[in-house]
Amino acid sequence: MSESLSGKIILSGNQYGKAENRVVRIVRDTPRHEIRDLNVSSCLRGDFTDAYLTGEQSKVLPTDTQKHTAYAYAKKVGINSPEEYALALATHYVDDIEPVDEALIEVEEFAWERAIVDGEEHPHTFVKASAEVRTVAVTHNKENTWIVSGVKDFVILKSTGSEFKGFLVDPYTILEETDDRVMATSLVMQWRLAGTDPGELGFDGLFARIREIAIATFATVHSLALQQTLYRIGEAILEEFGQVAEVRLSAPNKHHFVYDFSAFDDVENHKEVFHADDRPYGLIQAAVSREDAPDAGPAWVTYRSWL
Amino acid sequence: MSESLSGKIILSGNQYGKAENRVVRIVRDTPRHEIRDLNVSSCLRGDFTDAYLTGEQSKVLPTDTQKHTAYAYAKKVGINSPEEYALALATHYVDDIEPVDEALIEVEEFAWERAIVDGEEHPHTFVKASAEVRTVAVTHNKENTWIVSGVKDFVILKSTGSEFKGFLVDPYTILEETDDRVMATSLVMQWRLAGTDPGELGFDGLFARIREIAIATFATVHSLALQQTLYRIGEAILEEFGQVAEVRLSAPNKHHFVYDFSAFDDVENHKEVFHADDRPYGLIQAAVSREDAPDAGPAWVTYRSWL
Amino acid sequence: MSESLSGKIILSGNQYGKAENRVVRIVRDTPRHEIRDLNVSSCLRGDFTDAYLTGEQSKVLPTDTQKHTAYAYAKKVGINSPEEYALALATHYVDDIEPVDEALIEVEEFAWERAIVDGEEHPHTFVKASAEVRTVAVTHNKENTWIVSGVKDFVILKSTGSEFKGFLVDPYTILEETDDRVMATSLVMQWRLAGTDPGELGFDGLFARIREIAIATFATVHSLALQQTLYRIGEAILEEFGQVAEVRLSAPNKHHFVYDFSAFDDVENHKEVFHADDRPYGLIQAAVSREDAPDAGPAWVTYRSWL
Amino acid sequence: MSESLSGKIILSGNQYGKAENRVVRIVRDTPRHEIRDLNVSSCLRGDFTDAYLTGEQSKVLPTDTQKHTAYAYAKKVGINSPEEYALALATHYVDDIEPVDEALIEVEEFAWERAIVDGEEHPHTFVKASAEVRTVAVTHNKENTWIVSGVKDFVILKSTGSEFKGFLVDPYTILEETDDRVMATSLVMQWRLAGTDPGELGFDGLFARIREIAIATFATVHSLALQQTLYRIGEAILEEFGQVAEVRLSAPNKHHFVYDFSAFDDVENHKEVFHADDRPYGLIQAAVSREDAPDAGPAWVTYRSWL
């Protein structure tokens, strides 16, 4: 029977801002330029109920203003790291704009490599590097700050050193066990800091080192399952960095199926030729944290989590 | 100073399954065929810690099995509605697969329209309809069931009847007020049922009627802000359907800027020619619910919320 | 052995312009508004060699200017049809900009449907219609004009009435014959006019009728192969419209594979459950024309044909 | 007045095949594995008229067979380079399948970098490298062979050393001249060999060196226009390699607009902060070749050129 409610209708949640500002910052103080290429989204929370209930806008800072602010802060505070830039923006909104109680700044960073000309790094020419995207989500209110850093579209593959067997069998289970398969994923990996200090490496150095750890763990752990590999990546990061409270990983199993040549006389497949399939794909997600991790609060509540 | 943790490292969360099974079901019991075209993802939660910590797989139902199950259930229970199909799959996993405590089934449905030939509906030819995608997320455990239905990529525009003025002004605010603008969005709208019964319209009928309400509200409310329009859409849905506990809306403001012809002698723009910009865009999100809405529990925790 | 050339290096071809101007035109002369939503690209050919060889720009009309022109012409000449608008733009460049010998204007049009509110069409609210995109490419020089109209992302499916058998067999052929399969495609279809006059239906009417013919032919021809269906579509269009000189069709065979339930006891598949696969896909292309068709000249040379 | 044709309707062109076979080849003869990751499309031309006109399939090699062949040849002949693999496939179709007169094989290659673990290259773990895609189109018939190699999604930027001034001015020209701008593009670059021999570097070495030349030229030529930069890239390639007959380049001008801070008191922009815009964009295309280049024949007629 249908449950029918009759309680008062309320605005039970809201947030708003300007998404995907494509901010490119060139540092040209010397002939050797530097570039930081960001996609910046600001998201404000606070006393905005009137805008929803009556359309009265007097507490609403226009998203157009937030756009200008994102670009202006790329000059005013610069982009030492996407985390520091995001923190400056979030702090500005909470401190300077009265109706704002909490601000979330999400940043994607696209990496550029310096062009090599005649074996030397060119001072002002850059080539787009890997398709990997560095991610940052900083949430700040008057009481606390949460910093989540990460990487997405981080595609990694091992051509051996992975097995999958001993799994649960039900009437729809016809998968054969394997002790040697290709394992590949497009990893989404995010780490939440215990506080706001990245430690001696700084935010950029911490990012680079965590990426190294993930690659080394993926490569060297003989994998019994993607689940195990994910856990070991998270564990290795937490073991090395006490300032990291939690690691979240989401890994599509990008299936590489051994192509079946059994019907053909003139060719055999000793796990040398694979079909890289698109869909469907296994999807494995894990959070690895410490028992003494501080509360995550709103750290994981992003624009995307509303979709 | 950097906070440094030393607590025991634990698996603090996990889920896994097979994502994006492209299940197409044809009903061909009569010459007039029916088609349902789905993208199905299954996600299992339960006693899977060993798979992560030691790689031991004896409790892990392979994602390959979940693929076969998604297709098999399209025949065994059919697809009366994506909600009912998802509920059958989720119940199967919780009831029949011992380590599973909770299952989430996410479905996207792509609509087809019957081809018109000589003014009549053709019995077995279909044309892909709108780019809109119907969405379903059913979460089920031994105690409870949550059904969230929705639509995404639902693009709607009004060419007048929208203003934006009286907003907060800070030093970066240069936006001019307007009392007549184009308002357009690509709406993501989801509604959570109070129970599991869609009421007399059934799931397909409820979907169709809620879509109608959204369009009518968007069209007829003179908009003072996108925030207000979103709230009024949620309110109108809740007012008509007591079985709906909560509506969540996410709306990018797809900016249509009046093109500036002021530098040109031979042409004027009386809000007739616009540039449809890509990025950045305002992004407005709202949840509208009832005070007596039952707890959302895990209803909104999807694969996406881990990304 | 490697062939080695030593001839003089020359600029052997070139064209340039502004691509993807997102022009939205609202006609608001009465309370019932009209909308046309275009993606417009202009491409100029002519005496531009200096810009390439020496960097001298005195004959180069900036692409920024072409942007303004695209928007200005949406008001000056309006958008009675995308073909007429494109023709006006192309003529302007050839007639008014001295170094331009030939201009190509490419247009994509996105369709909107009028919102239905309480059973009536709303005067100023629109819902994005099908994902189909109408396409136009007009090429104009001082001697001649070519108009190619079309549609892409035109997705159509028949759930029976399609077979595939009697094909060539070689040692890698293991496909089984079928006399009843799902046939689906995402059609790209373009038709070239013999002259510049669309006939009594006008450009919009001709577009609508040709789309109807394609659907009816796809639906009613019992298909022995996608090749045959494509030819019959082209033939039907040419038979009805003497003003059309040529039809080009490109059709990915969007495979729907009958899902194999043979390993499972409790479920059978009588061509009712399919897997809609992504890649690879068959790709069938055909041109159907008349023996007395005028020369195509540069009609098919677009931006894309350089990629 | 409408021109009306009445000539006989004919099949004036056709080609077909299997597109986007995702072939991954692992060489595992030693502990140090190698990987080649390809997207392979085969396209056959020949005596296929019956399939279109009557649906008779006896000369049609199924696209399913072409799929198996693409995977089988990844083992039978291997993938020494994508060009050699494509040539082997094309030759097979023309030599072994009687109705085939001409075959086009298109290949995209996705690059992987060897994972670095503890400063050393790992033997069987790979990280997805740049988003750049290497491209190959080999066309072969009984008389001749054409090889076009290239790269796409090749994104490159210079933060100074680019100007744009002295251009043509018309009534819609309001662009200001600049002698210092950011210039960025996502280059599509293809080179056609004079014969089939890549020279002493081999196909992989030639690809790498041409990419180097493009980067060095883009970096070191002070650009007066994107047109000039493109020509100089083509010229530099032809000057170094006599075996290259023609270079085609297509370059969207990925606009980076200096963000306007003039309305704000506390921040100035000395070409340090830019908005990376999406659309519209300038699009510049050039072909650079030699006067003694052999005829291009069908070298540039790909699947895409039918769209």
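In order of appearance the chains are A, B, C and D, and numbering begins at 1 in each one.
The rule is simple: a contact is a pair of C-beta atoms (placed from the backbone, for glycine too) under 8 Å apart; a residue touches a chain by one contact, two chains touch by 3 or more.
Which protein is which chain? UniProt says A, B, C, D = Uricase.
The structure presented is a predicted model; accordingly, all values stated were derived computationally and were not measured.
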Between A-D and A-C, more contacting C-beta pairs sit at A-D
For the pair chain A and chain C, the C-alpha centroid-to-centroid distance in angstrom is 37
Per the C-alpha means, the centres of chain A and chain B lie apart by a whole-Å value of 22
So, in whole Å, the Cα centroid of chain A is separated from that of chain D by 31
Flagged in chain A as touching 2+ other chains are 21-22, 68, 72, 172, 174, 264, 266, 278-279
Among line, ring, star, complete and other, the chain touch graph is complete
As the complex stands, chain A meets chain B at residues 1-22, 41, 43, 48, 51-65, 67-69, 72, 96-97, 99, 152, 164-168, 170, 172-175, 188, 193-195, 197-199, 223-225, 227-228, 230-231, 234-235, 238-239, 242-246, 248, 250, 252-253, 279-294, 300, 303-307
Within their complex, chain B touches chain C through residues 21-28, 33, 35, 37, 68, 71-72, 74-76, 112, 115-118, 122, 124-132, 154-161, 182, 212, 215-216, 218-220, 256, 259, 261, 264, 266-278
In the complex, chain B touches chain D at residues 171-172, 174, 263-266, 278-279
